[in-house]
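Order of writing sets the labels: A, B and C. Residues in every chain begin at 1.
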Amino acid sequence: MCNPVDAAAQIVIDRVTHTYRPAYGRPVLALSDVSLHVRPREFLALLGPSGCGKSTLLYLVGGFLPTEGGRIAVDGKPVTAPGPDRGVVFQHFALFPWKTVRANILYGLERQGLPRAERMRRAQSFIDLVGLRGFEESYPSQLSGGMKQRTAIARTLAFDPAILLMDEPFGALDAQTRALMQAELLGIWQRARKTVIFVTHDVQEAVYLADRVAVMSARPGRIKAIVETRCGDRDPNIRHSREFIDKVDEIWNLVRDEAIKAQDSVAP
Amino acid sequence: MKRALIRYLPLVILALAWEGAAQLNLVSSLALPSLSHVAAAWIDLVRDGELLDNGLISIYRGVAGLVLAVIVGGGLGIAMASSRALDALLKPLVELFYPLPKSALIPVTVLWLGLGNGSKILLIFLGCMIPVTIGAYNGARGGDHALIWSARSMGAGRLRMLWDVLLPSALPELLNGVRTALALSFILLVSSELISAQRGFGYLIGYLGDTGAYAGMFAVVLTVAFLGFAADRLYQMLIQWLLRWRE
Amino acid sequence: MRSLSIVLLLVLWEALARSGKVTPFMLPPFSAVVGRIYTDAVAGQLWLNLGLTLYRALAGFFLAAGGGIVLGAAMSRVKPLRWFFDPIISVGFPMPKIAFLPIVMLWLGVYDVAKITMVVFDAIFPVVTATAAGLAAVDRELIWSARNMGAREGELMWQVALPAALPQILTGLQVALPIALIVEIVVEMAMGGYGLGGAMMNASRFADSRGVFAGIVEIAIVGYALVRTMALIRGRLLAWHHEAEHR
């Protein structure tokens, strides 16, 4: 065990099921009896093939979808609605296109009742943190994919949620930008230890970033296995180490069958 | 079927509310004759031939003007898309006439051709030409280059290319332009007949109104409104059929 | 370059008018028409008519804009409202609503109220449709983001959904404005009195062909100015939009 055993779970997901009901067509069981505990300040990756429901699980924790079967609790309280205690970062950034970078970041701060000077100061500090100094007055349409995602991350960090829910945040970026962003995210996380649930379908990304990786089965999704991937501090050159490659292999073997199953099934 | 019923139920409710309000004398029967009166008046108008006589005149005018507009406008748009010289010459003119409210042409067509069919057909022709030209132009412009090049490499001559490649890829935009022209033709037809005509739907509406036959007036108004709606729906079905090769 | 075509057209007009091939009645020389506009301007007639037409068309437009956005927004939030109005709007859209003019005249007379009502009736449809469609297309992740950051339900429409739908709403407004002008002109022609349309109709009745052509030129300029202004406003309001990047 790498993290202290006495850490009571911060997020409890208990036997959750979820059915996807489209406007036309038959309902589809997306999640089946999913149980998972997330410890405080741990970085947990949620890994699985497409369609396995990992994003759905994230949205349930976020409070965007109603919990129908099972129970989800954060800090002991059941999840009923979205809130600033669980900050979300979406794959397609979800920035307000009519607001500048600074205005986007200020949006979350405005709801916290801080005085104006304090809001501006905090916004600027997060703009600097993600390396966007000089682009405060730019609009999202003027930014590259990587810069947009950095803005999205800054926006979420700015209102200081205890928990970060990240839905394949680097999925829309090109491979080089993705690698850079992964390293940056790790750096940021090590400085401000938040609890993170990170959804991805990329095994390498999961092993690189996470303390533990929860592998999900193909639809209907359930937790197939949980693998410990990290103890102690990260080595930036970890990708080339024997340990890393072995871990990736181990997890890929778990995922492969599910990925094949997902390929063969009909799209929802 | 059931879905369509639910979808159009509000219209049925409105019709019932209309009849109810009139029967219960909630509104003056002069201002709003009951739906049943209007229906009866409609039947009378059909029976004594008034509706049909005037209707056919209007339809003739509309169709004639529209067909001319489509042929000339479509040809013009495609010509402009094919010839840079024509494009440079005519595009500024199209952009100039596009924002002109076509109803402004009503008095001048009356001035030139009086109150009869000619002025109405000319009006619809002139007014509806612009949307068709724009649709044809945009459609022809947007021709899929890959299709054109592969056709050329297979040795297609110019005329052949026009028929097999350019026309089908230009069709969607062109058909959309015609749809706009269709709606516009109704508007111009009804407007000009309301204002200055001796026959036709618009004239009939005015005549019935002037002689106080309000139930009949309502009947013809609803007939015309319905025809406009039906024409658009039928046209949409036609487009769907013509473009069935598209996903 | 583009003005060259227009200048060419005007020169052609002048030449044709003076050539003797057409009577000055059928086609008064452009110079004479300009002269007429000038005298009208000096005498104040032009400004009176222009002002009235603009006032009524714009009043109708703004009412349609406000009402249309409110109705479209309400429809997107309140399901029963959407169910009720949806067929009314989809059936009413392609109807030549100008056909209802005699009914409006019957109910509301021939003064400003009737004219503006007719404009609103016609112009509101594209606004409602565009607003409802724009709001329906708002990316749900934008809404979720806002809720995540603590936005309350009431704030979501005003702070997130409407700004996100703005491009589409503006398109609806850009369609509604020319409609407002067209309808106002027709309504003036039918009801008589002052205004650019009314003046043109009078000119037509008195065989005053210079007056008719002057009216066309004046209305063309007004139409052009309104469309350009709307485009400029759109450019300003949507400076952040990605389409601005393609400039």
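Convention: a residue touches a chain if its C-beta (ideal position, glycine included) is under 8 Å from a C-beta of that chain, and two chains touch if they have at least 3 such contacts.
If you're wondering where the values come from, they're calculated on a predicted model, not measured in any experiment.
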Chain labels contacting chain B and also chain C: none
Dominant interface by contact count, named by its two chains: B-C
Chain with minimal offset from the mean of all protein Cα atoms: C
Remotest chain, chain C as reference, centres from CA atoms: A
Chain B-chain C separation of Cα centroids, rounded to whole Å: 19
Where chain A and chain C are represented by their mean Cα positions, the distance between them in whole Å: 48
Approximate Å spacing (C-alpha centroids) for the pair chain A, chain B: 54
Of chain A, residues touching chain C in the complex: 59, 62, 64, 81-84, 86-88, 90, 92, 94, 96-99, 107-108, 111-112, 139-142, 155-156, 159
Contact set on chain C toward chain A in their complex: 139, 141-142, 144-151, 160, 163-164, 166, 239-242, 244-245
For the chain B and chain C complex, residues of the former touching the latter: 6-11, 14, 31, 88-93, 95-108, 110-112, 183, 186-187, 189-191, 194-196, 201-202, 205-206, 209, 214, 217-218, 221, 224-226, 228-229, 231-233
Residues on chain C engaged by chain B in the complex (per definition of touch): 1-6, 8-9, 25-26, 83-88, 91-92, 94-103, 105-107, 178, 181-182, 185-186, 189-190, 197, 200-201, 203-204, 207, 209, 212-213, 215-216, 219-220, 223-224, 226-227
